[in-house]
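Shared chain: chain A. Partners: chain B in the first complex, chain C in the second.
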Partner chain A sequence: MNNERHILSAFDRDLEAVQAMVVKMGGMVESAIHDAASALDARDDELAEAVRRRDKAIDALEHQINDEAARLIALRAPRATDLRMVLSIIKISASLERVGDYAKNIAKRSHVLGDLPAIPGSGMALRRMSAAVETMMKDALDSYIQRDVALAEDVRQRDLEVDQMYNALFREFLTHMMEDARNITACMHLHFIAKNIERMGDHATGIAEQVIYLATGGLPEDTRPKGESVPRMTTEGA
Partner chain B sequence: MNNERHILSAFDRDLEAVQAMVVKMGGMVESAIHDAASALDARDDELAEAVRRRDKAIDALEHQINDEAARLIALRAPRATDLRMVLSIIKISASLERVGDYAKNIAKRSHVLGDLPAIPGSGMALRRMSAAVETMMKDALDSYIQRDVALAEDVRQRDLEVDQMYNALFREFLTHMMEDARNITACMHLHFIAKNIERMGDHATGIAEQVIYLATGGLPEDTRPKGESVPRMTTEGA
Partner chain C sequence: MNDMRVAEARMQQQTDTKISARGVQVHYGDKHALKDVNVDILDKTVTAFIGPSGCGKSTFLRCINRMNDTIDICRVAGRIALDGEDIYDRRVDPVQLRARVGMVFQKPNPFPKSIYDNVAYGPRIHGLARNRAELDEIVEKSLRGAALWNEVKDRLNDPGTGLSGGQQQRLCIARAVATQPEVLLMDEPCSALDPIATGQIEELIDQLRTEFSLVIVTHSMQQAARVSQKTAFFHLGNLVEYGSTEDIFTNPRDPRTESYISGRIG
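Moving on to the complex of A and B:
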């Protein structure tokens, strides 16, 4: 069985190398979330431009991770849980790529917002929301690397808070639009940004769910509202 | 080499079986797109409810496809292009699952829209847009099954038209909102729906790009605007 042991450890080494790329990609995506929110809040066009430019490197890294994952499968022929670990990397990197796109989109919009009336409190609220998502993303990746199901479960629960932040912001934007038609355009942009941040949270949750699935072979009955919530879009009450 | 030939054809048989599941999933997703748009246009709550209910079967099929793909890899140990074909199935089914979610979301919103003022012309425009996306999705999957790069390239180009439809609709909604604040809530919902349809188009394009990537090992230089476009959000001119 020495031979098998040897093969296993070669697989582990290779897996670690690909996982290191995923961690690197995760770090780049976390920076993108952070900087997109900062650029928006500070109306910093240069930083927004940097976020847009850096998205190319994130996309390139996804391709590289896919190639490495395929190489690993072809070379080491992993089975059962090992194979599932590698396959989940493909899904996780696709999620990260998507989140990078959302950050790029926020950066694009922040430039347009520069010419529009400011909506009081929105910058702060969006920063808070994106900080929550940034931490979720970090913890989701940590839970994957460390196979930490409790942490993954925690990420999954925190998505509910992000959904609530989004719903509260939505009602605020609606109020501003109803009060003054000159706020409509700015609120439409800000609402898109809020929605993009909420979707980032969904992707972090998706990564956390991969971790739970890998560890337990299934997901708890769907207690978490899945996909985007549909606010009733009234300004009264919750 | 008889043995290798035997292994190859067993792989082909297994691949075809998984691809048949992808085609089935594709058909379910196309129906979801179609029915979500019909339910919206006809304010048909029962049909909308059916779309929401059927999304569970789409999600279940994605899990099944992932399991089968993993089984195929473990059992047949495909390499090079064969392996890439199988790995692309995982990505394609993830895209289809996402599109199913968007259709479900449209169905959720169509119920809310029942209580709101009608926005002239919006039902027709959204149906046209979703019909375009439905065909894109069908052709993207056909291009995958038939390894038809020309068809995949065609799908990719058609996404530009969908983006244009979205931009035109966006400006229309903005006009209605500015003209009468009572339209704001309905337009916010309709705009979300338009955005969801546009995102479905992005996913169809993603599948088409997988086909091109599988066949050529790369993508043409990115001439297509990637991700969501950011309309300047003015009502004047284009």
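Moving on to the complex of A and C:
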């Protein structure tokens, strides 16, 4: 990373301002993940409502970042690391916006789940999974702020664990649904929640990859370990 | 579909080396202006030389057609080969060399002659035309090649100096193209021109590269990025980095290149 200042100091100020917006957005998305998981865990409708409400601010910030990035490209013609920074900011903010949407979706479903039969074991598993993703997101954002390639690579590798947790949950929900059809509604909602958390992990990984691109100018070429993409389970197995 | 083929053809790298420089050193008196420059300039490619003032980029450009011969205190060492032949060999006539390696300067410098004679001058002294009809043909072709024909065809006998700045520069390019060079060197060809005229010259550079090799010295990094396929960055007399323009502008290897192109104090 080049720490020298630009000859044109306004350029530095612009870059710092847009970076600060990304960091702020990252913080908002981290608390959205955390609060959505807590709301689900405690069936806290008020907190869930707060997560849904706060998503609007996240969306607005993404727009602001995109406008600022477009302005930087048009007026400052960024090159080399500066260019990669602006490009990565656009991608990272898009990822963060999606994660915000997933958190909002979890909050919506947790409200519905309050009226449905509890699925034993699911609470604990989803808590573990969301905690893992929350840490991934925190580390991905830290690796961005520090330009820490090693930490970004670590985040990338950890996505496997989340994929495996999701696959395990998928099988579990399927079993519950096969056992008792009255579980289907709750399990469908819980499955979408698990899927949302799994997708959050993918976006954290995407942010980590942007950090690697920003720092090195290339994306990692090795294929990272991936969980079984589609869990195979049919009614015959039950 | 057709567009894709055009894009693919553009992406194909021309790998034939036109000019090969090895261990080139230049001294102006006591000043060591170029330090051990090694580079292969490709045929049918636009190569941009960038770097801060006094970095040696123009000095190196002037070595390629032996313009430095005209400066008494200038000493050039090392080897520069055009199609494998040493251009500093005793048997090479600099005048003949400069017909093969043309040059366009920063400020348009048309001869105080008619538009026609400006372009016909080179072909006449090098005996490229056997008669007036052939000369007319060369003049028209060169002016068309320099995208100037339509603007001047009805006033070929007017003085070249009466044209606008952008037209004068295109006239100079037509004059350089008239001797059918193999390489065209351009030392900041657009620095005195407005954006429209600059755009026309850049379009012209892009067309000319299908015919020969072009080397352009520019202080405008946007221009280097727009017109060139290869970029060389000079700093304090060293060739710091040479690579595809895309790599230089997105992911330069050397921190000095990075500092310069991103507008930092280097």
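Things to note:
Definition applied: the second predicted complex is superposed on the first by the 216 of 238 C-alpha atoms of A that agree within 3 Å, B and C clash if a C-alpha of one lies under 4 Å from a C-alpha of the other, contacts with A are read in each partner's own complex, and residues count from 1 in each chain.
Going forward, a residue touches a chain if its C-beta (ideal position, glycine included) is under 8 Å from a C-beta of that chain, and two chains touch if they have at least 3 such contacts.
Values in this document were obtained by computation on a predicted structure and should not be read as measured data.
When both complexes are overlaid on chain A, the residue A:Met188 reaches chain B alone and has no touch with chain C. Once the two complexes are overlaid on the shared chain, A:Asn66 sits against chain B while remaining clear of chain C.
When the two structures are aligned on the shared chain, A:Gly217 is found in touch with chain C, with no touch to chain B. Of the two partner chains placed around the shared chain by superposition, chain B is the only one that A:Asp101 touches, whereas chain C remains out of contact. Of the two partner chains placed by the overlay, only chain C lies in contact with A:Thr81; chain B stays clear of it. Of the two partner chains placed around the shared chain by superposition, chain C is the only one that A:Phe11 touches, whereas chain B remains out of contact. Within chain A, the residues touching chain B in one complex and chain C in the other are 77-80, 83-84. Listing the residues of chain C that touch chain A in their complex gives 221-222, 225, 249-252, 255, 257-259, 261-266. On the side of chain A, the complex with chain C involves touching residues 2, 4-8, 11, 77-84, 217-218. Residues 66, 69-70, 73-74, 77-80, 83-84, 87, 90-91, 94, 101, 104-105, 108-109, 112, 174, 177-178, 181, 184-185, 188-189, 191, 226-228, 230, 232-234 of chain B are the ones that touch chain A when the two sit in their complex.
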